[in-house]
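Once you scroll down, you'll see the structures, which are given as structure tokens.
Next come two complexes built around chain A: one with chain B, the other with chain C.
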Partner chain A sequence: MILIAVALVVLPHGLSFSQQEILVYLVINILLVVSYRLMTLTGEWSLGHVVIMGVGAYTSALLTKRLGFYVPVSMIMGALMAAFVAFLLSFPLFRMKGFYFLIGSFASAEIIRLLWKRFREPFGGPKGLKRIDGLPNIDIGPIHIDFFEPTAYYYFALIVVLVCLWVLWRIEKSLVGLTFHAVHWQDKLAQASGVDVRRYRTLAFVLASGFAGLSGALLAHYIGTINPNSFDVEVMVFVLTWAIVGGTSTFYGPILGCIVLTILNEIVLRELGFEQMRPLIYGAIMIVSILFMPDGLESLVKRALARWKSAPPPPNQPEEAKP
Partner chain B sequence: MFDLLAQTVLNACYSASYISLVAVGLVLIFGVMGIVNFAHGELFMVGAYVVVALYSNYDIPYVLVAAIGLVFVGCIGLLMERTMFRPLRDNPLGGLVASIGFLMILQALASITFGVRMAFVPPVTQDVIEFTDKIRLPLQRLYVILAAVGFLTALWLFLTRTRFGWALRASAQDPEAAALQGISITQTAKIAMFIGAALAGVAGVLTAPLISVNPHMGHSVIIAAFIVVIVGGVGSLEGAVVASIAYAFVHTFVTTFFDGVIADITGLLLMLLVLIVKPTGLFGTADRA
Partner chain C sequence: MRFGGLTAVDKLNFNVQKGTIHGLIGPNGAGKTTTFNMISGFYRPTEGEIVLRDESIAGLQMHEVAHRGVVRTFQHSTLFAEMSVLENVLVGTHMEFRPSIWSALSGRDAQQRRGAEAKAQEALDFFGLLGFQHNLAGDLPHGHQRALGMAVALACRPDIMLLDEPFTGMNPEETKHMMKLMGRLRDSGVTVLLVEHDMFAIMGLCDTITCMSFGKFLAEGGPKEIRNHPDVIQAYLGGARHVA
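Up next, the complex of A and B:
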């Protein structure tokens, strides 16, 4: 534990500038994909999560640009707005299940995205929003922190994300989280035991969206420009692959998928000079991993842990989620 | 006003014809294999690039190019079936993810081979049928409409008049019962995949001279096809055709009288409405989702 903490603190100092930037994105994306997993706990796979993240980004950016909100406050407002939009969307969407929910979530998200594209006021149209304020510098006596530095922003994002991960972890281990599992695996039984299945699905969706919105706000105030294409279905595909390649039955699965694939995509392939070939190799990795490792990277970890403890794997672990 | 309406109707007929080719293939694959093929728009794109590779650069007759495109994209379909969908038969989410991976591979291959910018395709014919001054139908568009009608009729005859077609429909209705009757699931999956892919490819070949050909052109087509499939009813071929026509009319009219983005939003809203009110679609009965 301490080892990981030291590694996280030391990590940015050994990297080049562009790698530090990737590190910031990585931390933000981990929050995104873990929040996505909270949603998949109830068994529904959404294709709208990235647009919900965008709702947080747009809200926070607009609040600071137009109304002069203090950035951390606007970030929280962005998260709340994302959760609220998810709450509104839950009324039509949770009339659907499985494949229909997948398509329905895609359609509603795409509508939101097209609205950003269509309306120049206030969303900036296809070009999006530019010059979004960053985090204000901190000047308290001898301490001077400039958040345009990737390292500084990395520490800020890291703290926020770690707190969020802790909250998400607590949610999953709480009674509510257990009910999410029940709603997924024993939907009829849960209903018969007096669980309002739809309410719990909505709760998972709203919570997941709130955290996604926060990750969007974190992103917006770091890169400074957002446009409708920053949140299109291709980004969603990446989130989906992180979750699936990592596996979703454990808390660490999606994090693992996100880290491994980001390192592979951004660092290994880029350094090796496969600029144009990157999507090709990435696609091939997706196919190979779903063919030969359908339970995700986490299944390797589980097996390694089991061997290490020389004990049989924990019984009744839920299998890989299938819609 | 009448001119504008008539012209819009013609444009709608044209877009209905190629969307229906793509959507019918998507439905066929979903019906027989239970897999949502996200790479279907990219099969359309590959069809268009066959035209770029053969017709723009060499003097190969267009009809021959169309035939080559049909077979080539059909074979890509067979490749997908063999390498991805057959091993993932019991894992619907896996099939979806694998098809997204395949989509990225096809896009990357297209941009490496042909570049990311719009590819030039010389017009097959410059002739235009002029009904009046303002109502014009370029002959190329008429070809697309006629070809779509031809292919869809052929498909319908194949499905209703031949043993293979019966087998295909049987395994779409109930794979287990069909397998018990001695119908090979692998065989029907191959046929469905070949036909589905080939229809998307042929749609790409036909429209290549009329639209901008680039590696990302599959994106808008697949969205249109999904809307059509949902509105028509998942797994219903007739529904897909009828919904294609309906969608093309709505989309073309809204584009003409408002703008393209509003038209996209209208289409998506339409799909959402159908999902809320009648998730099985206008013609859907069986739900395999």
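Up next, the complex of A and C:
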């Protein structure tokens, strides 16, 4: 535990500037994918999560640009707005289930994206919003923190994301989380036991969307420009890939998927100059991992842990399939 | 209750007395499960009324009916197969320990959870499943799965339990034991509405029995009357089944 904490603090210092930037995105993406998992706990997979993240980004950016909100406050407002939009969407969407929900979430997300594109006022049209305010610098006596520095923003995002992960973790391990699982596995029996299934589906969706909105706000105030294409289906496919490759049955699965694929992406693809083929390669990775590792990277960790516990390890275990 | 052109339950009318075990029997396809589905709110009846303590509950949703103290089990073992036995029953305590996000975050839910687990273990103990609490529900033998379904219902602290064929998959020993448990349930004040094909269990347990056939009311009375009722015998012989 302490080791991890030290590693997280020291981490940015061994990296180049561009790698530090990637680290910031990684932290934000972890919040995005973990919030996505919360939604999948009730059994519904949405294709609108990234656009909901965008709602948080747009809201927070506009509040600071137009109304001069203090950035941390606008970020929270962005999260609340994303949750509120999800609440509104839940009325049409939760009349559907499974495949229809998937398509419905995709369609409603595209409608939101169209609105951003269509209305130059206030969303900036296809060009989106530029020069979004960053986090204000902190100057207290000798302490001077400039959040344009990726390292400084990394620490800020890390703290915010860790707090969020703690909240999400607590929710999942609570009786509320148990009810989410119950709704997923057998909604009939859950309902017969007095669970308002619709309400719990909505709750998971709204909560997940709130955290996605916060991750969007974190992103917007770091990169400084957002446009409708920052939140298109391609990004959604990345989120799905992280979740599926990592596995969604444990809390850490999607985090693992996000980290491993980001490293793969940045170090391998970028170095080799395959950046342009990223969507293609992600698609291939997703298919390969569904075929050969249907339970995700987390299943490897689980097996390793099980073997660790049942020492001495049996000799000559066959190699696990790796993508 | 009509499904398209098919009338599955037609002009059925019966009363269940508080604190009794009431049997609902009839040949296969008579409409017993459909009747349960209407009472529990799984289906909205196309016509007719369901009255609970002077309140009409027809058309309420299943969880709303559950909140009024009417809890059902399902004919086919319907469990949270991927969750542990204890967790299954914890879902049953949902109404009593309304979980909330705030108590999860403030840490108040630790105490809540202990209370819920104690209640859940009580229900498991009643059905003799306490020893299995950490097993996966899906791994239990069939008879135990039926019992677990009832434990989940019992954890809801119902006034009325609707049990759909609880004895299927149990051997005679288990059946006898389960009958004893149901007797105890009734003595503790729970009203039981029981659908069952096992005539030994029905005749041994029920205070009143309603018999239906092809969706229609056929006869009602105590075990003795029903056993000797010509229409009932006719219905079952017609359906190639024996009345014990």
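Here is the rule we use: the second predicted complex is superposed on the first by the 301 of 323 C-alpha atoms of A that agree within 3 Å, B and C clash if a C-alpha of one lies under 4 Å from a C-alpha of the other, contacts with A are read in each partner's own complex, and residues count from 1 in each chain.
The rule is simple: a residue touches a chain if its C-beta (ideal position, glycine included) is under 8 Å from a C-beta of that chain, and two chains touch if they have at least 3 such contacts.
All values derive from a computational prediction rather than experimental measurement.
By the document's definition of touching, of the two partners only chain C reaches A:V167; chain B does not. Contacts of A:A304 after superposition on the shared chain: neither chain B nor chain C is touched. Touch criterion met: A:L115 reaches chain B, while chain C stays clear of it.
In the superposition on chain A, A:T179 contacts chain C only, with no contact to chain B. Of the two partner chains placed around the shared chain by superposition, chain C is the only one that A:A190 touches, whereas chain B remains out of contact.
Once the two structures are overlaid, the count of chain A residues touched is higher for B than for its counterpart among chain B and chain C. Residue contacts after overlaying the shared chain place A:I138 against neither chain B nor chain C. No residue of chain A lies in contact with both chain B in one complex and chain C in the other. For chain C in complex with chain A, the residues that touch the partner chain are 40, 42, 61-63, 66-67, 71-74, 78-83, 87, 90-92, 94-95, 97, 99-101, 103-105, 109, 112-113, 116, 152-153, 155-156. Per the touch definition, chain B reaches chain A in the complex via residues 36, 83-84, 87-88, 91-94, 97-98, 100-105, 107-109, 111-112, 219, 223, 226-227, 230, 234, 259, 261-262, 264-265, 268-269, 271-272, 275-276, 279, 289. Residues 45, 92, 95-96, 98-100, 103-104, 106-108, 110-111, 114-115, 117-118, 233, 237, 240-241, 244, 276-280, 282-287, 290-291, 294, 321-323 of chain A are the ones that touch chain B when the two sit in their complex. Of all residues in chain A, only 167, 170-171, 173-179, 181-182, 185-186, 188-197, 203, 207 touch chain C in the complex they form.
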